[in-house]
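The same chain A turns up in both complexes below, where it pairs with chain B and then with chain C.
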Partner chain A sequence: MVIATLCGMGFGTSMMLKLFIDDILKAEGIKAETNPWDLGSFKGNKADIVVAPVDMEPHLRDYPAKIVLIKNLVDKQEIKEKVLGALRELS
Partner chain B sequence: MQLKELLIRDAVQAKLDLRTRDEVIQMSGEMLVAAGAVEPRYAKAMKQVMDDLGPYCVIAPGIALLHARPEDGVIRSCLSLITLRKPIEFGHSSNDPVDLAFALGALNKKSHISALAELAGFLSNADFLRVLRNSADTPALQTSLFSFIEKGK
Partner chain C sequence: MAVFDAILSLITLPAIVLGFIACVGLLLQKKAAGDVFKGTLKTILGQLIIGVGITALIGALSPIQVFFEKGIPSGGFETFVTYDEAVVGAVQTANLANLGAEIAWTMLFGYVVHILVSRFTKHHYIYLTGHMIWVQAGAFALLFHSFGFATPVVVVLASIVDGFYLTLAPALAQPVMRLITGSDEIAFGHGQTLLNMLGAWAGKLVGKPEDSAEKIEIKESFSFLRDMSVSISIIMLLVAFIGAGLALSQIGVAGFQEQISGGQNWVVYTLLTALNFTAGVLVLLQGVRMLISEITPAFKGIAEKLIPGAKPALDCPVIYPYAPNSLIFGLISGTIGQVAGMVVLALIGWPVPLPSMIAAFFASGAGAIFGNATGGRKGAWLGGFLWGFVGWLLISFAYKFQVFGDLSALGAVGLGFTIPDAIVPGIAIWGIAKLFGL
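Let's look at the complex of A and B:
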């Protein structure tokens, strides 16, 4: 399972998301690879799940992956519910 | 690099009377320039990111994390914070208006990551946010922010 976290630069918001998701996966005992990307470099790459800030949605329409949009990027509960939900759907 | 090293004390300013998103970006850039941490062109680059990619940098209710690229004139990795007397609309679909604006300068893609992890942890802590929002002036904010970070909770 490959999870991509996205932001504009690939090392700010997306890195924070990756760190939260890695914590969540570890606590749940789930193995997955989480990679932060900037939007421009990511296009053309493969991921099973893409996690991104909600306002990036227009850039992700028609992307061939399960798209998870996060409103509050420091709310571990929101991130956990949405990411685990997406993982359940795909498993 | 730790958060207390990334955060520039003189670039932490409380209850500023700014009116627009662009004024917040400009002021953040000027504080980091004054600290010798970025070149003057960095503010314009942060504004360009917002114009190109939209207001996604409003990462949580009331909180913006502004940044541009290392090659946009970052001299050393740095972080500033402005708290606003009056919250400002950044155009985000659910997290507006903004009253806490951080600006990050990253020298490369790696050196600031442990500090960013610390910041992410603090930003998910309601007590931390209360301390930032309740600090009435700049000296109070600088003191309480650094002491909160020092205690690590």
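Let's look at the complex of A and C:
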């Protein structure tokens, strides 16, 4: 299972989301690879789930993965519910 | 002695020092051996990729500077690109007089000081924005290096300033962050802090927070600008064609193709120059990504163990969802501010930083959000403008007076720092050093 996080640069917001998700996965005892991606080059990469800020939605419309859009990037509860929800759907 | 020399040359090689930091971080997190090896290797490769990107970027930048030199007759002004990651990446790659290693060690020990300051003062913050940790360490190491100190002195002094900065900047911004986010959960961790605070202070004078920019309906989306490859291409194409147009007006098509493009058609040459610059930036960013992707989690893991309950200081985009309209106001007024700053600088004959879409979107956007928090929509417009205008004057000042030393001689040809959190403390310390005749 590969979870990618997306932002413009690929090391700011996406890195923060990755760290939050790592914490969540660890607490839940789930094993998955998490990778921060940048908007410019992500289409060449593969992931099962892509987590992104809600305003990135237009860039992700045709991307073949489960897309998780986050409204409040620092709301750990929202990230947790949405990511775990997506994981449940896929398993 | 040979062994000692080998060790010495290793600990003065930036890529190796950064790899070492990542390796220690991964070991402290008790990662598996395979992960430790992978992370260490990727960090070293990241630093080497940055060097490749820098070469391409500077290679494409010099023709654009030639355009402006040829295009503006008699006493034409000097132009340069303002891009923090490029400055630090370039001087670290060149590694003249151990500077690259000094930056890497400052990054490590500066963070140690930061953890101590956050632990033992009332300001419990953890600065987690990886590229800014690297850039700030680079700026302070450059600053003390420029005074001619020996390597250990540079690392000690730069680490102390860096460590205090990493704790105090989020603390300074926190009152405004509470207004923006409506909570006390997260802090601001980006080198923009001082100019964002200028926006917040100015906002207070011109408007009321109740008159928020966020009450206006805006349908337009600027989200395509968040794709670096698009936004940098647009701005560099504009800049390159304006420069090429100026050059053509002075030396004509034949002169252009003879003196600048080596016989190539001027349109093709200008187009390729602009896009090659963007390609260089993208390679550079890939290097930065690999460099910090292992170090940031390590710093986070260690800091959280040592400072329970600390607030994370995070990258600027975390505040964008709270004020998307202000972000767009800032993009517009910030661009105007940059152009106004360029005009003033050209008139007084100072070096002119070329416009930056990154600064307009990420920095003026954040400045506008700070302004909106204290002064509503008027504050947002003013905050974005001031970031561009005052920012451009500061950037030019630091470049002209070589506050961080002679960057061109150190490998960063035609490049300057952008972020006020490097430039303002830099100017203060540089000024004090001047008083003491350093």
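Methods note: the second predicted complex is superposed on the first by the 91 of 91 C-alpha atoms of A that agree within 3 Å, B and C clash if a C-alpha of one lies under 4 Å from a C-alpha of the other, contacts with A are read in each partner's own complex, and residues count from 1 in each chain.
Assume a contact is a pair of C-beta atoms (placed from the backbone, for glycine too) under 8 Å apart; a residue touches a chain by one contact, two chains touch by 3 or more.
This is a predicted model, so every value here is computed, not measured.
*Asks:* Which holds for A:45: it touches chain B only (first), chain C only (second), both, or neither?
*Replies:* The answer is neither, since A:45 touches no partner chain.
*Asks:* Just chain B (first), just chain C (second), both, or neither: which does A:56 touch?
*Replies:* The answer is both, since A:56 touches chain B and chain C.
*Asks:* Please write out, lowest number first, the residues of chain A touched by both chain B and chain C across the two complexes.
*Replies:* 7-13, 15-16, 19, 39, 53-56, 58-59, 71-74
*Asks:* Would you tell me which residues of chain A are touching chain C in their complex?
*Replies:* Residue list for chain A touching chain C: 7-13, 15-16, 18-19, 22, 36, 38-41, 53-56, 58-59, 71-74.
*Asks:* Can you list the residues on chain A that touch chain B in the complex?
*Replies:* Contacts found on chain A: 7-13, 15-16, 19-20, 39, 52-56, 58-59, 71-76.
*Asks:* Which residues of chain C touch chain A in their complex?
*Replies:* Residue positions touching the partner: 128-131, 181, 185-186, 221, 223-224, 226-230, 282, 285-286, 288-289, 292-293, 296-297, 300, 312, 314-318, 320-321, 324.
*Asks:* Report the residues of chain B in contact with chain A in the complex, numbered from low to high.
*Replies:* On the chain B side, the touching residues are 49, 52-61, 63, 65, 67-69, 92-95, 104, 106, 109-110, 112-113, 116-117, 119-120, 123-124.
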